[in-house]
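There are two complexes below, and they share chain A, which is joined by chain B in the first and by chain C in the second.
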Partner chain A sequence: MRGTLGRVGSWLAGAVALLLVVNVGHRVMVFNNAASDRERPYEVSAEVGSMALARTFTAGVMSVRGAGAIIDPRGGNPHVSTGVWVIVTVRAASRDEPVAIGFAGLRDAAGRVYWASERVKQDLRGGRTLQPGIRVEGEIAFEVPRAAPSGGLTVLLAKNMFERRMEDILAFKLDPVDAATVTGWAADKKATLTPTKVLG
Partner chain B sequence: MATFQVRLVDSRLVSSSIGRGQGDDAVYGVGPYGGLRDLFSLQRVIAGLGALAVLATVPFGGMKKAVDVHPDRGLERLAVNQVYDAGPYKITITGARLLKDQPPLYATNKANRWVIILATVEVTADESRNDAATAIHLRGVAGVPDMDGMLRNDADSVLVRSDLTVFYAAHPGMPEELVIGWEQDSKAAVPTEVDVLVTGRTYRMNTFNESMEWLDEEDRAIVTVPVLDRRNT
Partner chain C sequence: MSAPQQPHPGQPGYQAPPDYPAPQQPYAYPPRPGHAPPPGYPQPGYPTHPGYPPQPGPHGAPGYPGYTVPPPGYAPAPPAHVGQPPADPPPAFVLPPGFLAAQAQGQPAPPPSTGPGWWRRNWWGLLVIVPLLVTALGPELPELYRKWHNTKPNERVHVAGGQWASFGGGRIRLISLKRAPALTTYEGRPYTPPVTMQIWQATVEVDVTEDADLEGCDFSVADARGRVFSASPQELNGVDVDRASCLRPFDAPKTGPFTVVATFATSALPQGLRVTVGTELPRYLWLTAPD
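Here is the complex of A and B:
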């Protein structure tokens, strides 16, 4: 009996030791939430008005404007925002092979990220395939709370919509916008998005 | 080598079919535990522990399929228009409607009707999310199955109330009113009120990729909502 129980005891001790090693190893790996640092995106910062290079495409933010509602020229209800629309003009081209800008976001001063809206038709984000060396220019629209533009917003552009770990992201910091300007944006209830055009 | 052969005889023949003689312990050299050793072989210990584990379930119904006799257990009961922080979003159920099929709702059967839940969602996480509408489900409504195969029966149509566009994502700090609709079988009874379950998640580390995520989706609250029949307006 002692031999059998001894063997069972040895196995249990081995299993406990194994679990202990795995647990300690896991704690070492996740110490200080290392994954978010280890796999963070590579952010490439650039000024508004200049082009920046990502691994697969090049892009630049040319200008910014705002609105309270966006009208679709094809009809339908006005797209009224509970906050304010921020509309940025983006110029982009692929570098070596056809690629689309899968992710466009606005990051506010608190670090919150707002995805480009799907309520309005905008083909530069996601829908349009960029061709090597052929520059296109179009607008991307975002909805943010009215207080967000005054703290300064950053336009983010990347290839992948969701999987952005260890991926390069272009970042264009917009100048802070005063409250009066945002109120003026919100008063515009008939904005339309400029169709994407080829610059050559 | 000689000792090994003797033990083989012990386990296969002597102890099981012939029985052990008085002087056998001296041969095995195991002292007073010789009989117990046969009784507590490793296989028997494991089988015995397994049997004990099965027996331990008997007071709780044994192998019978578990049935939760208190489906509301653990759910917080909310009032209509009560804001509930469900994890990555605040959710407020503001009303319910019964509508006939009409654009931009498109039923698979034109004769069917729509059970509509009106809700306001606001993302409390630090990034836009596209799963807010899947945090709201109906329960026990005739003509609207709770399950869609192995999965929960998510809404058939989710629209932004202000412009009736298809809802895609809600954004941090921006409450959005939604029209969340389930197609109801036309032969089912007309509901006067419905139970709405609100699902929440917990912000914790994903042990597979070690990133912080909103996980552990579970029903956390229930709202009973009166249904206004608006099929003829």
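Here is the complex of A and C:
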């Protein structure tokens, strides 16, 4: 009789211990705010000037420049920034099927991410469907505070604009830029974005 | 008048109370040589309860084979009860085979039996994991499969040689898939594509009634590696080519087939034309041109 009760008690203790483990694990995950961390994008780092492979496309950041204002080829007043425009030249192609670069961001040293600007027409970010094996080159413009480039910026490129959980994201770290260079960028009030073109 | 003083446990003459509990089964096992008896085990010299086996020290117990002297640190054994035969040990009290012989030869006792292993003791629990997993994941599998498979063109319907194919409530066939002739821009200037790019045109005949699903078709071509190129790509912005569609052109006959020309920019030789219709997924048409 006692043996049966003992076994039942052991099983109950085991079940309670299992529940405790699951509960503690869940609380640890919640405590770590793990949803955003656990499902974070897979970051693929690459050097400026080299191409990197994402799951659906390949891309590389070729160069970077800056400006104080961008002139829209469609007309209107120049888009003056109270910070500074950072303009990166991107080369990209899809891998297996038509795809667009839906997300382009610029991450500063503090981890803040600035999306590609909606103030100017961005041909390569979102609006361009890439074809397999056909490389195109164009520019993407970001508007950031003037202090941001001196800390080092990282260009981020991904397929989806919003849903980037567990998706790969390309990261290109730009060299820090000194304050004098940033001031020189800001003095340029007549910059234009180079149209996207197919590379020959 | 005071009651006679009861000797302390361990002293001669001490009598265990009538309700003295029998030791638990695990403690009926003799202690290993050189180890103290576990808690609850009667100490040497403690009178045994009727039916309880005498103290089986490492050297045996009085009245039992192998008894020599009390082990070091043990109190002297009490004198044997006169006129009272030793009680038979309960069935659980069994010395392991070879224990006494090993003791006599000064060898360590054989290890006690450990019983069935963990896998044998928990085999049914492990077996239950399988139906539990199936129960937990099973209901979701059809939906997961549907999302993965049924919302993309995964099932090819091959129609070769320029034959008509019934699809999406209409008919369609591929007449030709050829390199595009000389193209011009909207301004009338000759257009020369980059050397990394080939321009191909598929000439298709479509026979579709109004509001048929086929009107919402999409054209693409695929190369030998399965890479897919969409029609009217932005690489051809500014080039004077038609945007391919299965919608009946306003200047086409109201009934019967009409012709569509779809233009593609590719980086390799296309092998055939893909026609996809959202309502027909996961099926899609794979049309190859006549030889």
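To be clear about the criterion, the second predicted complex is superposed on the first by the 170 of 200 C-alpha atoms of A that agree within 3 Å, B and C clash if a C-alpha of one lies under 4 Å from a C-alpha of the other, contacts with A are read in each partner's own complex, and residues count from 1 in each chain.
Following the convention adopted for this analysis, a contact is a pair of C-beta atoms (placed from the backbone, for glycine too) under 8 Å apart; a residue touches a chain by one contact, two chains touch by 3 or more.
As the structure is a prediction and not an experimental result, all values here were calculated from the model.
**Student:** Considering only the touch criterion stated at the top, classify A:G200 as touching first (chain B), second (chain C), both, or neither.
**Tutor:** A:G200 sits against chain C, while chain B stays out of touch.
**Student:** Where does A:T4 make contact in the superposed view: on chain B (first), on chain C (second), on both, or on neither?
**Tutor:** First partner only.
**Student:** Considering only touches as defined above, state whether A:I134 meets chain B (first), chain C (second), both or neither.
**Tutor:** second
**Student:** For A:E97 in the superposed arrangement: first (chain B), second (chain C), both or neither?
**Tutor:** The second partner, chain C, only.
**Student:** Between chain B (first) and chain C (second), which, if any, makes contact with A:P176: first, second, both or neither?
**Tutor:** Neither: A:P176 stays clear of chain B and chain C.
**Student:** Looking only at chain A, is it chain B or chain C that touches more of its residues?
**Tutor:** Of chain B and chain C, B contacts more residues of chain A.
**Student:** Looking at the overlay, what does A:G25 touch: chain B (first), chain C (second), both, or neither?
**Tutor:** Neither chain B nor chain C is touched by A:G25.
**Student:** Can A:V80 be said to touch chain B (first), chain C (second), both, or neither?
**Tutor:** Touch partner of A:V80: chain B, not chain C.
**Student:** Take the contacts of chain A with chain B and those with chain C, and give the residues found in both.
**Tutor:** none
**Student:** Applying the document's contact rule, which stretches of chain A touch chain C when the two form their complex?
**Tutor:** The contact residues of chain A facing chain C are 95-98, 128-129, 131-136, 198-200.
**Student:** For chain B, which residues count as touching chain A in their complex?
**Tutor:** Interface residues on chain B, with respect to chain A: 33, 36-37, 39-42, 45, 126-128, 160, 162-166, 168-169, 171-176, 205, 207, 209-212.
**Student:** Of all residues in chain A, which touch chain B in the complex?
**Tutor:** Residue positions touching the partner: 1-5, 7-8, 26, 29-30, 33-36, 39, 76-83, 105, 110-115, 117-119, 143-145, 165.
**Student:** Sort out for me which residues of chain C touch chain A in the complex.
**Tutor:** Against chain A, chain C makes touches at 193-197, 220, 223, 226-230, 233-235, 265-268.
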